[in-house]
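Both complexes shown next keep chain A, but they swap its partner, so chain B is in the first and chain C is in the second.
Showing the complex of A and B:
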């Protein structure tokens, strides 16, 4: 099972890519585990502010990841 | 909330021209129940940061989510205020200082709601829509804009 993580703004600068596909297994099957993995891969995420959307909705709580989920890491908004 | 109003595309590539804004106003002359329009224009400001001056902002967005956010904001405004129509346009890509990056246009039979509605819309857009701005300095270095 694979899911896509999208990066925007300063976060795409940190990861040096706009998106990345991850294989999901029991070690990486929740949003919290994914966030932890991303913060290990990209330690600079720990020092910036960002929010997380799953399938275009903001989530505060942990969830089980499902096939075709789309996660997005969103830095502070700057519209207008 | 659902209505039969179609989802619109909000993003425009590059700056929003005076001509586009003028045409948009002209198109409303046939809607004679309208008695009041109000317009907000966001312009890119030449801020100075650490001795350097901004020359342009390069906008990007999580477009699918942003269009959904714009749709929800529009629906909320229609539910809250007695508006005849509403248009929101935001730039993507590079917009130079002095150019327009946001155009919000509301129309109603009477004037009071258009003042309230425009403020509501602009504040909601700044807070809730996943748009990102790279502030490019005159020397081509950059920083990331944050709404305050």
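Showing the complex of A and C:
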């Protein structure tokens, strides 16, 4: 199933893109598993602080992902 | 009142709204890229009491985005210049000057009289501090921050709503403390975000419209995209609130014997700290380095500006280190001091 991941701030610098669409297995369908997959693709994520939103809502817990869900990885910005 | 005629004409404001603005007390922490437009907008609208906190001086590299300052102001205190310029634009209001950094030592004294804090700082450690002060006082924090062409905006702790710590809980990984990032910025972006912060502050004072509480607004100036993401309140973080001042001054730093001094900056950062007793241990290696260190050993952490070291002290304290401090304004302040003495 297709999942869209959006990147912000320093994370977009790491991934070199603002957005990416993943086709994931039905059995890899939790947010935690998706996060691990992203951390394998982009190891620098392991040392970045960020919050995760799914469908425009920040989440603290793991959830089951559904087709066409949109994930956002958002680090704090420091600048002012 | 002639000056405010065009805004009093709005039924949402009127004479009573203008009076609310005149009575309002707003604290701006930082008068840089965000703080300049916030100050200009609040002052022009007639906010009666505006406190401005900033320990920096005007530098030429500020001028492309901080329009309150002129070339001839370079070297002067930002707070002094900003107050003078804005008072000329609107002599009816009071600007209260705090030409100092907002620290764990002075935060409550400075913030004591205010009903809103506007966060216009440029570092994460001070954002946590502003958040904690706002939570302790039960007042809202109008937040914005920028990275390159992107901006974030929200109002935290508004009528008991989510706080900055609900959005970004403090990390339990030491290596996630961000390095000082001097990525570039086009002047327009902080001015857009700062103007929006002023708008939220005015709405809070006037009690009109919808406040951006419980939502984070994201703006990308390259793609013209605006989007909001919902933030949930996390009550765990509120109860952990505690401000411990673990900073030491430059003088105490030089007077301290028997301390282990650790420079937690990365190898490439300048100027080097030219002291024999200093150990260089970047944040990513600090955990490993401290494995065999006695938890009662007196440790002083130093970094460039004192922001990373402050967060690292919090981390080590949580890990059980009982005697750990940090140099309050970092190595840059030591370097400045020794230049001044020459």
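We take it that the second predicted complex is superposed on the first by the 74 of 80 C-alpha atoms of A that agree within 3 Å, B and C clash if a C-alpha of one lies under 4 Å from a C-alpha of the other, contacts with A are read in each partner's own complex, and residues count from 1 in each chain.
Rule of thumb we're sticking to: a residue touches a chain if its C-beta (ideal position, glycine included) is under 8 Å from a C-beta of that chain, and two chains touch if they have at least 3 such contacts.
Bear in mind the structure is a predicted one, so any value in this text is a computation, not a measurement.
Undergrad: On the A-aligned overlay, A:60 touches which partner chain: chain B = first, chain C = second, or both, or neither?
TA: second
Undergrad: Return first, second, both or neither, reflecting whether A:47 touches chain B, chain C, both chains, or no partner chain.
TA: Once the two structures are laid over each other on A, A:47 reaches chain C alone.
Undergrad: By residue count, is chain A touched more by chain B or by chain C?
TA: C
Undergrad: Just chain B (first), just chain C (second), both, or neither: which does A:10 touch?
TA: The answer is both, since A:10 touches chain B and chain C.
Undergrad: State whether A:74 touches chain B only (first), chain C only (second), both chains, or neither.
TA: Touch status of A:74: both partners.
Undergrad: Hey, what residues of chain A end up touching chain B and chain C alike?
TA: On chain A, the residues that contact chain B in one structure and chain C in the other are 8-10, 13, 53, 56, 72, 74-80.
Undergrad: In the complex of these two chains, what residues of chain B are touching chain A?
TA: 42, 57, 59-62, 64-65, 68, 90, 101-102, 122, 125-134, 144-147
Undergrad: Give the list of chain A residues in touch with chain B in this complex.
TA: 6, 8-10, 13, 53, 56, 72, 74-80
Undergrad: Please give the residue numbers of chain A that touch chain C in the complex, ascending.
TA: Touching chain C from chain A are residues 8-10, 12-13, 18, 47-49, 51, 53, 56-60, 72, 74-80.
Undergrad: If we count contacts the way the header does, which residues on chain C are in touch with chain A in the complex?
TA: Answer in residue numbers: 30, 32-35, 119-124, 127, 144-148, 150-152, 167-168, 171, 173, 175-178, 181, 183, 185, 190, 216, 218, 220, 223, 227-232, 234, 284.
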